[in-house]
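When the chains are written out, they are named A, B, C and D in that same order, and each has its own residue count from 1.
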Amino acid sequence: MTVPDKHILLMDGPDSKGLIYHVTGVLYRHNLNIIHNDEYVSPSGRFFMRTEFEAGVAYDSFDSAVLLHELQTTVPGLGDHTHDRAEAPGQSGITFRLNPKRRKNIVVMVTKEHHCLGELLIRYAFDELDADILAVVSNYNMLQPLVSKFGIPFHHISHEGKTREEHEEAILRTIAIYEPEYIVLAKYMRVLTAGFVNHFPNRIINIHHSFLPAFVGANPYRQAYERGVKIIGATAHFVNNDLDEGPIIAQNVKEVDHRHTAADMATEGKDVEKIVLSQALKLVFSDRVFISGNRAIVL
Amino acid sequence: MTVPDKHILLMDGPDSKGLIYHVTGVLYRHNLNIIHNDEYVSPSGRFFMRTEFEAGVAYDSFDSAVLLHELQTTVPGLGDHTHDRAEAPGQSGITFRLNPKRRKNIVVMVTKEHHCLGELLIRYAFDELDADILAVVSNYNMLQPLVSKFGIPFHHISHEGKTREEHEEAILRTIAIYEPEYIVLAKYMRVLTAGFVNHFPNRIINIHHSFLPAFVGANPYRQAYERGVKIIGATAHFVNNDLDEGPIIAQNVKEVDHRHTAADMATEGKDVEKIVLSQALKLVFSDRVFISGNRAIVL
Amino acid sequence: MTVPDKHILLMDGPDSKGLIYHVTGVLYRHNLNIIHNDEYVSPSGRFFMRTEFEAGVAYDSFDSAVLLHELQTTVPGLGDHTHDRAEAPGQSGITFRLNPKRRKNIVVMVTKEHHCLGELLIRYAFDELDADILAVVSNYNMLQPLVSKFGIPFHHISHEGKTREEHEEAILRTIAIYEPEYIVLAKYMRVLTAGFVNHFPNRIINIHHSFLPAFVGANPYRQAYERGVKIIGATAHFVNNDLDEGPIIAQNVKEVDHRHTAADMATEGKDVEKIVLSQALKLVFSDRVFISGNRAIVL
Amino acid sequence: MTVPDKHILLMDGPDSKGLIYHVTGVLYRHNLNIIHNDEYVSPSGRFFMRTEFEAGVAYDSFDSAVLLHELQTTVPGLGDHTHDRAEAPGQSGITFRLNPKRRKNIVVMVTKEHHCLGELLIRYAFDELDADILAVVSNYNMLQPLVSKFGIPFHHISHEGKTREEHEEAILRTIAIYEPEYIVLAKYMRVLTAGFVNHFPNRIINIHHSFLPAFVGANPYRQAYERGVKIIGATAHFVNNDLDEGPIIAQNVKEVDHRHTAADMATEGKDVEKIVLSQALKLVFSDRVFISGNRAIVL
């Protein structure tokens, strides 16, 4: 039996009436069957849609270029002549992406802590990450033995004796070799400058060890202990110019009590951090995450 | 400024290619704007869709009968001539519901415990229930004073000296006066016969004080204590012929430890029960719940 | 059968070696049986203990004054001669409280929202609050009908046309009539001055509608929406001079997603708020909460 | 500065008056300082206590044998002459354990799934497991490459062509080489006979991929899907003769919805399973878990 391939269509742009109708119409006329469709219109009028569809067995291939062209010329704004309705001509402004690259290339950056990195390596080793870890970069060398077990290049780029700019420049040169689609900060504990971040807009994902926006900055578990919170958390988010301020992809929490020292919270928190990071990466790498201003839309 | 009315269209029936396209096309041609659309196709090929839409300000009314007729004659199966495609004629089998009655009429049944009933009464008093509590029926009279505070009829129908059938018959006669759309079992602690339940198919909602299917039947907290579980829960579900076996609408849980006696668990569990029941009712009364076999689909 | 009474002993003071031994020794010599004992020593060396004990059936009463005196003279610091050990004489500095008043008197303050108040009233009506609600004070009158159902005095003290000081003074005068042990801010939406708060040190309990310390101040759900969080929460805490800064008693959270508007979050959050407040009050009123600096110790 | 060693004393036996007093008295007279003390008395009258204490800097060692002897001869039942009280002489029946072996030896058993094993290996590699993994035993060989990365012996003992008894006998012979204190079933998917289990009373820990007691037996995620649950879970428990019936050590859950297929639930559930198993092992290996009938007491 031939299992039909699953295809993914992503849309992102200004909302207008009839968008779902026009898009599903193009798919229908190509004899493509929608398996799942999810859309969202932001309060500011931005439209996001993610459509999974499959071709029938008799039509198990279709011309992607033709389909995309038809989508771009059929949706309102570009002129819709299907039903003889007068629409204002012009650009619809919708961005269509058909079947984005399934398996992403990533570089992972770490400092000293192993728990998030270990989680990613195990998932990678068993093909559960939807991504290839091309390399691991660290400002310390202590995680090299772990990375070596999995046959992945490890680059120790120490920050010692370097200015921040020199250090980031060295990292950038190394990353450039791999041309990754995403940079994953799996407990990379140094602040990145805007200069660095701007190289990878919406392509850097960080795990912060607090329930943001509580406890931005350093030592969040120490802050959490001092504040006497009864719940700790972790936040996976895109990194933009402002530290700990990018769109939040996933969060989770865990109960603590007065017996937990800051160190205990840090230990307990690690389990939350690594799972939240993994879940966020799974969402991003399966093309389910859109960005709307400072908010992440998960379809 | 005129705020456009929000309308809701519900669909339930066999899946076929182009359903979303045809439905959204009808709405588009009526100049109706989709605000939110959610659909689901079950593994067995059943299609469910819930569409929220609004009419433009210039078109702030539309003819529901015309719209429904067009939906029923346009979707595939009934023959789709829009695009000169040859579809097998005949019944599409889709059930359309346009703007189901917004505010449901309900009768609440209780025994002795007040926590779920109190929750419903407070929500009702402040118009948060999306329903009118027409009456409360109980086999005990101890909750009468509470119900009286809120000016709602209370019917004490004791089971003492009656056979189960006589008792249920008396309840049915009382309920019949009110013609409720839903019966809410807010800790009604007697088993209902199939004879009773069959009067209200998929219209009885129960809160069970365990994380079903664990601990069906009586004394679930006692069972939970004996088993030494570390988490307790509550389950809101439709009632069908089999006790504690209908489609699950909502569940939630709470951590416990070895210090909790069965009585402690019961006390802690009450907070979970009443919130889970309220959340389930909110979903049902806003027409977001479909039934697919023994599973509840929440769109 | 005579069920032995349960007694509670609370201790709070500087830690020193042998504290548990000396206290349990006094109880032992009085033939009192410890049912549950929980203690905590803070990093700064403060000792907290909560002991539940019962007298045997043959000794179903004991002299509290004698017991307290013996505790105060036996524990180290005051001189421990029991075992001929040389301890530095002087004040142990431990505060002992034996059988604190079981049922607390409280005044509840509200503004316009009913959900927390309704929760408290229902619990009070069914004797689940471990407290007597002596009165409800509000700067609006819209919750008067609800409060009246439960036969509790309602004081509408509008802030309009008054300075903050005049308003608080009027509230204080009203509260003074009732001599409550605790003030419960069940969604009282005005900031209280230090002048007001200082009248009730560690005796004012507030519910804040965010997962503190995220989103202090006004409109936390609006802030949460803007930040795009994936989890919302609520925090019950003691009120001290700094707004939203007192010791946290209890917190809980709920998942949200990008579809939740700020208004949706506020609606969903109410269920969390009222349960967290109730749980915090239960802990405080059963004398399980101690304060250590800015942290709440729950034994 | 000399950091005083932390010592752990475990007690388990029939409850009687004065137990805490007598034990803390022995520690006090040895100049030992209690850091944390937690105790529990079961409804059936069994007493459990876990005491952490440290010796003063001046007394940084003490004679364990002397201390244990004194504990055994001082607590009530053996005769308490400290205060000239007449106690019935005889066995107290209390079992004392002082400073149980800190680092446990374990053998891990697996079948095909890697997620729990990977979690344990990473923790072990970074000394976070409080245990040494002496060997991994599997009825398949597919996890051998993973285990090899960490330099741990892997024994492939296939069940093919063997009776259940022959297979278990072969496993037992292999395990016997290592003399482990605990057997960890990290997704070992074959039922163990009572004959096998009886070799390791309360020393086998299993992770079951459901929220027990819901969905015992095979394919719990399939069962969960069929039942339409809204929450899935995992349970770590001791294994005794009855399958999936031993004392529960830890449980956790995760929300699902109607879109999750049984396979989706299995994927999502893996994150819960591995964390729950790790947390349970952490509790057991730090000697915080006592067994009371079919319930696990966590102090």
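Everything that follows uses one rule, which is that contacts are C-beta pairs under 8 Å (C-beta built on N, C-alpha and C of every residue); 3 or more make two chains touch, one makes a residue touch a chain.
Just so it is clear, the structure is predicted and the values come from calculations on it, not from any experiment.
Enquirer: Since subunit A and subunit D are copies of the same chain sequence, what is the angle of the rotation superposing the Cα atoms of one on the other, rounded to the nearest 5°?
Expert: 180
Enquirer: Measuring between Cα centroids, what's the chain most distant from subunit A?
Expert: Greatest centre separation from subunit A goes to chain C.
Enquirer: From the mean C-alpha coordinate of subunit B to that of subunit C, what's the distance rounded to whole Å?
Expert: 38
Enquirer: Report the inter-chain centroid distance for subunit A and subunit C in whole angstrom, where each centroid is the mean of the CA atoms.
Expert: That gives a centre separation of 43 Å.
Enquirer: Among all residues of subunit A, which ones touch two or more of the remaining chains?
Expert: In subunit A, the residues touching two or more other chains are 36, 259.
Enquirer: Can you check the complex and tell me which residues of subunit D touch subunit C?
Expert: 17-18, 20-21, 24-25, 27-29, 31, 33-39, 41, 56, 83, 255
Enquirer: Which bits of subunit A are touching subunit C when the two form their complex?
Expert: Touch list, subunit A to subunit C: 40, 43, 211-215, 226-231, 233, 247-253, 257-259, 261, 292, 294-298.
Enquirer: If we count contacts the way the header does, which residues on subunit C are in touch with subunit B in the complex?
Expert: Result: residues 36, 114-115, 118-119, 122, 125-126, 146, 149-150, 259, 271, 275, 278-279 of subunit C touch subunit B.
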